[in-house]
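Across the two complexes that follow, chain A remains constant while its partner is chain B and subsequently chain C.
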Partner chain A sequence: MNNGGGKRINGGTEEDDDEDDVNGDLDAWERTYTDERSWESLQEDESGLLRPIDNKALYHSQYRRRLRSLSSIATAARIQKGLIRYLYVVIDLSRAASEMDFRPSRIAVIAKHVEAFIREFFDQNPLSQVGLVTIKDGVAYCLTDLGGSPESHIKALMNKLECSGDSSLQNALDLIDGYLNQIPSYGHREVLILYSALSTCDPGDIMETIQKCKKSKIRCSVIGLAAEMFICKHLCQETGGIYTVALDESHFKELILEHAPPPPAIAEFAIANLIKMGFPQRAAEGSMSICSCHKEAKVGAGYTCPRCKARVCELPTECCICGLTLVSSPHLARSYHHLFPIAPFDEVPPSHLNDPNNKLQRNCFGCQQSLLNPGNKPGLFVVCPNCKRRFCLDCDIYIHESLHNCPGCESFRHSKPVISNEE
Partner chain B sequence: MKFQIEDVTVYFPYDHIYPEQYSYMIELKRALDAKGHCLLEMPTGTGKTIALLSLITSYSLSKPQSPIKLIYCTRTVHEMEKTLAELKLLHNYQIKHLGPQARILAIGLSSRKNLCVNPTVLAAENRDSVDAGCRKLTASWVRAMAAENPNVPTCQFFENYEKAASAAVLPPGVYTLQDLRAFGKEKGWCPYFLARHMVQFANVVVYSYQYLLDPKVAGIISKEMQKESVVIFDEAHNIDNVCIEALSVSVRRQTLEGATRNLNRISHEIDRFKATDASRLRAEYNRLVEGLALRGNLPITDNWLSNPALPDDILKEAVPGNIRRAEHFLHVLRRLVQYLRGRLETENVEKESPVGFVASISSHAGIDQKALKFCYDRLHSLMLTLEITDTDEFLHIQTICDFATLVGTYGRGFSIIIEPFDERMPHIPDPVLQLSCHDASLAIKPVFDRFQSVVITSGTLSPIDLYPRLLNFHPVVSRSFTMSLTRDCICPMVLTRGSDQLPVSTKFDMRSDPGVVRNYGKLLLEMVSVVPDGIVCFFVSYSYMDGIINTWNDTGILKEIMQHKLVFIETQDVVETTLALDNYRRACDCGRGAVFFSVARGKVAEGIDFDRHYGRLVIMFGVPFQYTLSKILMARLEYLRDTFQIKEGDFLTFDALRQAAQCVGRVIRSKADYGMMIFADKRWKRIIKGLSSQKEISKKSPFLLKAPKSHSRFNINSTVFNSS
Partner chain C sequence: MASAPSKLYADDVSLVVVLLDTNPFFWSSSSLSFLQFLSHVLSFLNSILTLNQLNQVVVIATGYNSCDYIFDSSLDLKRSLENGRMPVMCSSLLQKLEEFSFKDEQLSKEEPEGRIKCSLLSGSLSMALCYIQRVFRSGALHPHPRILCLQGSPDGPEQYVAIMNAIFSAQRSVVPIDSCYMGAQNSAFLQQASYITGGVHHKPQNLDGLFQYLMTIFAADLHSRSFLHLPKPVGVDFRASCFCHKNTIDMGYICSVCLSIFCKHHKKCSTCGSVFGQAQSEAASASDKKRKTPET
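Let's look at the complex of A and B:
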């Protein structure tokens, strides 16, 4: 096409074009260091010693951003949350999952964090149940049925980590749709898809499947490991889920753990609903009975269903005989805090600490450590908006993420008459 | 939002404005103040259209004593609709803030095909037959006949429009083509003639380039536009080609055969008229003797395309004697067709200047220059006299007369090229005679002369100093704005070497090298495995694309690509391509992912958007130079060198660059979009280095692609290509 013109244009300066090769002369091993810039995470302290950068403040600000985004939804109006969740985690085991861009491989990273996620999930949602589904060679398999035991899920997953073939979103959704349709209406149906592939090979029209999921009120969320895909975005938008793409391993961890706290309930589902539950008694140590879930005789440490007196091994679960939901009261209590989250603490600039008026409290109310940094310089700290107690950053995170109660407010509550007298 | 630019209060319908939009408006305002022409470049996706519209309407509102008219020219009907939709938004905003005094009339004007509401006429498949269908129902003699004989069909919409006469007006507002049709249906008036009538009263007119640039159309549509108008050519990077095409004619063997058929039919008609109504022919003769203007006193529906030459070049004289009589004119045409047929039978490529060609016609066929010059008008008059309505049948003879008139009128800036066969397929005889115009400034000159301000704007006009030379005008403002990006949403790269370190290029001596083909295949293969959804690839030509796809198929690369994404290919067949595009979109939608192979300078590269997930990556394989052995291009280059002192190399590079920028610009249509662009040819490095306005960035775009690790071995330079 362009011989004539091309020649004329190139004719004059037929130089070779490889004069500027920025990092072409580095070896592969050198380049990995150049990319990671490991020296930048070091810092010199006053005495000239090297030490890793103190990224506590950075970490804390990240955490607060997340807290604020969560609480801005939660505190605006008291939003109903789905406490009883039925979640299917879909793990894409297609060819793409064996890619090495996450170290050591995508699938290893997924497995590691799914394990952490399942534990965290049951910790935060003791009344909920999880099932695992894998996609391999274009077909979806159910790895574990819905259940409340983290150990069984993790064990099942760790045995099946080979990747091959294509991935099919539609097959997975169809399979899950079939399972989730059977669960009772008070349960919240959710799917979390961990998607490694960049395409989906479907047997039919996936748009219909998405509409079907929407109709059966399944909330689908996707975490991508490769790049943003239109169909995933569409799926999440239609069903009210969240679509995110992980940039690296730590980001992936952050994203997957975001799915642990219960999401706001879907409006049509938010009708108040009474659920029949049993609170079984723990059987006496040493008593022997046939367990209804494993169908074998076991000694001690079981629970007895209050309605049919069958023995089950673990809580929470559904009684295999009479179908009653069996929980223990701590489970309920642990779910409760999602409905009444503690307000985020206010950040106070460190200079306030030296204010003569505020001399009273120089220690964290939680851990009683000094709020001053080692060099007697004031550090960052936070204040509870209700009780005005001061807390260090570590306690702040601990109170909001694990404790779910403010020690300051709780201690006031016990001495309630004193407060009313003061007012 | 509302803000002040010097003495003008600008009403802008959005809450935010980009900095480049603001500076764009300032420059535009200066040009309007100076009443001069301007040349403005701003990348696509920065809201050029709304900036233009809101500044000019606000400017007009702030100076109520001297209202200016806005003529907005777009390339396609689709763009016309988009512009009108934006204008509607703006208009509603201005009314909200200013009240009824801000009311304007804005209409879009298009061909009958897009505006007709008569179902019987609309059933025809192409534009010409819709035009003819309309004429059959609305020509003055048909209507006269219908008045006597009620069985003669007429168009109800047009009759109603005529009956309403001066009462048929559009109330102020913004009318898209859709709105016009709806309004016409509701009132029972013909939207096409209504729109044509309202054009002279409207504050804003949106129509196609041809209505101003092509003298055939401009003569009837745009002749009544006032001088105080602002003319905007949007997406005008190809405006020189549009100008040239407006004045170029090509004649093939089929054209001549068709013309002979047409002539037989005409002579038949003449005989019939002689037998029945001889006075009619005599009346026409007398009219021609007096040299009456052919247009002007004719009813609006009998108007056709007017003379193809520019208005200034048409002689205001009586038609010469030797073609006044219908039979004589017919003989002249027959001789002309005969002569052209003889010329087409040549074995060699011939190139001639119009002057020599006219001399040769006059010695061989005995037709002098003046007679040639009047051919078009004479044919027009004859067909009116003979009351011929199915004009779509007579396109061939019209083409011949078109040719004759242009050849008779212009001595410079044109050449006549006869090629006995296509250069690429020398075995198949396909003779073609082309009258090609080399001077883009000819067609656009009347526009520059007539209107107060002409704005030429596009996303890609660099190098911006070339356009004033090509179009031969002096802009008062000529500026280029760069896009301000708040995040890295584009990632352009130049790839000079393949994974085996061999340079890649589509240079003629390298393109068939198996190493280059393999490296291109490898590149695509790696990209399909890491890029989600859609990928668009542009090749330099159809033949190159066919060749490379065949090789990929033989070596199994294509099969590997298909494992990741489906493959769709643009062909020269429009229907096939449309179907491929449709399926490509579906594959992108449903998550399967797809690759579209297309050709730079093709239909797809010019008009189809691959925004959002339809194009996450575009790969430009090679540099899209024009086919430099083409006789027409060579003649044009020679003319440019001699007349405007533009070097051949400069022009070719400029042309390749704007084509490439068009291709890669298809993927980013707004700032919210993101995408990656790869220029795969070693020559790109030098071309882009040559651009003065380039910037270097090395950051990768976020949230997008993780280029495979092996890619760092590619010799990749990230370069922001300001035109993309």
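Let's look at the complex of A and C:
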């Protein structure tokens, strides 16, 4: 840390500078509270130096609580997740959306978070599709058709952000109902409405439209930006969606991102199905061929349909020659850790480490870190229930939250978790 | 790492975690013997350590029955040429490797014939990533980590999910996975690993020149790499493994609920338990659609 003369105007600034590393994301006023009684979080090490108390054990116990609650949900029933979703995002561009109670305006905030939402949505729901609908001057427009490319939706949205006129829920729902009736039966139909107005200006009876959506098994959710409205609440209740009203920008962000993970599938909403798909190979960089989608000669990497060997430019898509659905297999694989979660590791009291009868594994199996605390005192560690390997607390968290593999189980041939072989 | 946390790590300091395939089933059938292979690799590792004083090399053996760390240059305090002939590094690595191979062989039990004799790449990859996370935790200043797989064994389709998990975790922490594949058929796993994580994949044409390939392609640090003209991928094999027989397939059926991959039609998903209702009609409509276009 470079404390130049300029920064030393008063002592407080200097302290803040040092804090930056630890509490980088806290505001200045929050820091004063976290600093309270800060001397209590210091301890003396062997050489008499002061060092901060190890918060590891605390973090770890928090993490374990989270993990336990997650795994209890997962084991209660192998929850079926509706992973192929067809979602229309409806953006209210009526007069109310230009109001400035959100900074700089409601619509600017909506646009910003819809962009983040769309990216997150495709990350969590491979093979799903999104379409955008806007309501303006009492009329609903389809901004983008259902599609799997986040960029095209975001681009289209950013060009169309002027607000005017009234809003109409019925027109939007009627429009979407027409589109969603064409999708395959295994897909989940969903609508997410970002509603700024406090009224709806409809040409007919909206109750009929709501019943129609219910019959088409379209799950409608609404995030309000103003205040709660009966008709929105009714719509969500009838169709099984969620109705929330945002208090401020960060709350809005939270609410919209809650719609990104797949909702638990309700068996009657979509019929499980086997879909035939191909996993094309990516051609060499710089190779030349005629693509079947644009009917153009193209230089550069494309993908080859495994059934008819036609070249396509992008995935996922449907082969225009043989009709096979083509996907990139890594895209599917992103969600597999949900299917084969690894068992939580068992916590072991440190005394076991000194037990001479125990097989001597004094280093973490994953990262080779010593499991002994400084001063050769045994520390807390965890054991995988399958392979009995020992891991440090940091690896425990990394393994369960990011890696989703147990290095011990993976590096022993006969203890592999058997993925059921039944037909 | 613990020895000198105050070291100044510039952007050209590397941590290379090398995953060494020691699968005896592969090396007994390879044109390059394992000993020749080792001499190429040892020279290469020595070169990396001499390229920069602060460079660090960790070697993990990818065995047939197990995986283990066999070398860590940060633990090797005297990194010097002792008694002229063999650097300390080589002797300690070779000794650990011998112990490892012996233990790995001891673990061998009779295997059902006909299975692919793969090595446990998913295990060594997972260990390497854990090690790299520890380096990330060690402070704001650390060498730039990358993984280099020196693999010869064929892909083990039963490791598909685990390897994909490891690849995505590496991608999230921006750790490139480089791969040099020495087997006969190219490895779909390693092609995907390098492609997704932004690493380099190469399959040397002539294994006698392995050291040259390693030096020219894989020795440069990540910063210098951006100035090099590295071999472009000759395509990426995106095939997947089916969950039912662990076969590598380029076409298959996917459960619409959980996205499990199967090589043939099933009545029920073995992963999520969904019963496939209208599967027949769906398949029929798809083939109808296919036929319609050319006929009408």
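By our rule, the second predicted complex is superposed on the first by the 236 of 423 C-alpha atoms of A that agree within 3 Å, B and C clash if a C-alpha of one lies under 4 Å from a C-alpha of the other, contacts with A are read in each partner's own complex, and residues count from 1 in each chain.
Operating definition for what follows: a residue touches a chain if its C-beta (ideal position, glycine included) is under 8 Å from a C-beta of that chain, and two chains touch if they have at least 3 such contacts.
Just so it is clear, the model here is predicted, and its values are computed rather than measured.
Engineer: Comparing chain C with chain B, which touches more residues belonging to chain A?
Structural biologist: C
Engineer: With both complexes overlaid on chain A, does A:R334 touch chain B (first), chain C (second), both or neither?
Structural biologist: Once the two structures are laid over each other on A, A:R334 reaches chain C alone.
Engineer: Looking at the overlay, what does A:D101 touch: chain B (first), chain C (second), both, or neither?
Structural biologist: In the superposition, A:D101 contacts chain B only.
Engineer: Using the touch definition from the top, say if A:D205 reaches chain B (first), chain C (second), both or neither.
Structural biologist: first
Engineer: Based on the superposed arrangement, let me know which partner A:V109 touches: chain B (first), chain C (second), both, or neither?
Structural biologist: After superposing on A, A:V109 lies clear of both chain B and chain C.
Engineer: So in the superposed three-chain picture, is A:S411 touching just chain B, just chain C, both, or none of them (first/second/both/neither)?
Structural biologist: The second partner, chain C, only.
Engineer: First (chain B), second (chain C), both or neither: which does A:C293 touch?
Structural biologist: Neither partner.
Engineer: For A:L93, is the partner it touches chain B (first), chain C (second), both, or none of the two (neither)?
Structural biologist: So A:L93 meets neither chain B nor chain C here.
Engineer: Would you check which partner chain A:V383 touches, where first means chain B only, second means chain C only, and both and neither mean what they say?
Structural biologist: A:V383 contacts neither chain B nor chain C.
Engineer: For chain A, which residues lie in the overlap of the chain B contacts and the chain C contacts?
Structural biologist: Residues 21 of chain A touch both chain B and chain C.
Engineer: Spell out the residues on chain C that touch chain A in their complex, using ranges where they run on.
Structural biologist: Result: residues 64-69, 72, 107, 109, 120, 122-124, 126-127, 129-131, 133-134, 137, 140, 158-162, 164-169, 172-173, 192, 195-196, 232-240, 243-245, 249-262, 265-266, 269-279, 282-283, 286, 289-290, 293 of chain C touch chain A.
Engineer: So in the complex, the part of chain A that touches chain B is made up of which residues?
Structural biologist: 1-10, 13, 17-18, 20-24, 31, 101, 169, 198-202, 205-207, 226-232, 234, 245, 247
Engineer: Applying the document's contact rule, which stretches of chain B touch chain A when the two form their complex?
Structural biologist: Of all residues in chain B, those touching chain A are 496-497, 503, 506-509, 529-533, 540-541, 543-544, 564-565, 588-593, 612-613, 616, 623, 625-629, 648-649, 652-653, 656, 682-683, 685-686, 698, 703-706, 709, 712, 715, 717.
Engineer: Would you tell me which residues of chain A are touching chain C in their complex?
Structural biologist: The touching residues are 21, 78, 80-84, 126-127, 184-187, 265, 270-287, 301, 303, 306-307, 322-324, 327-330, 332-340, 364-369, 394-395, 398-399, 402-407, 410-414, 416, 419-423.
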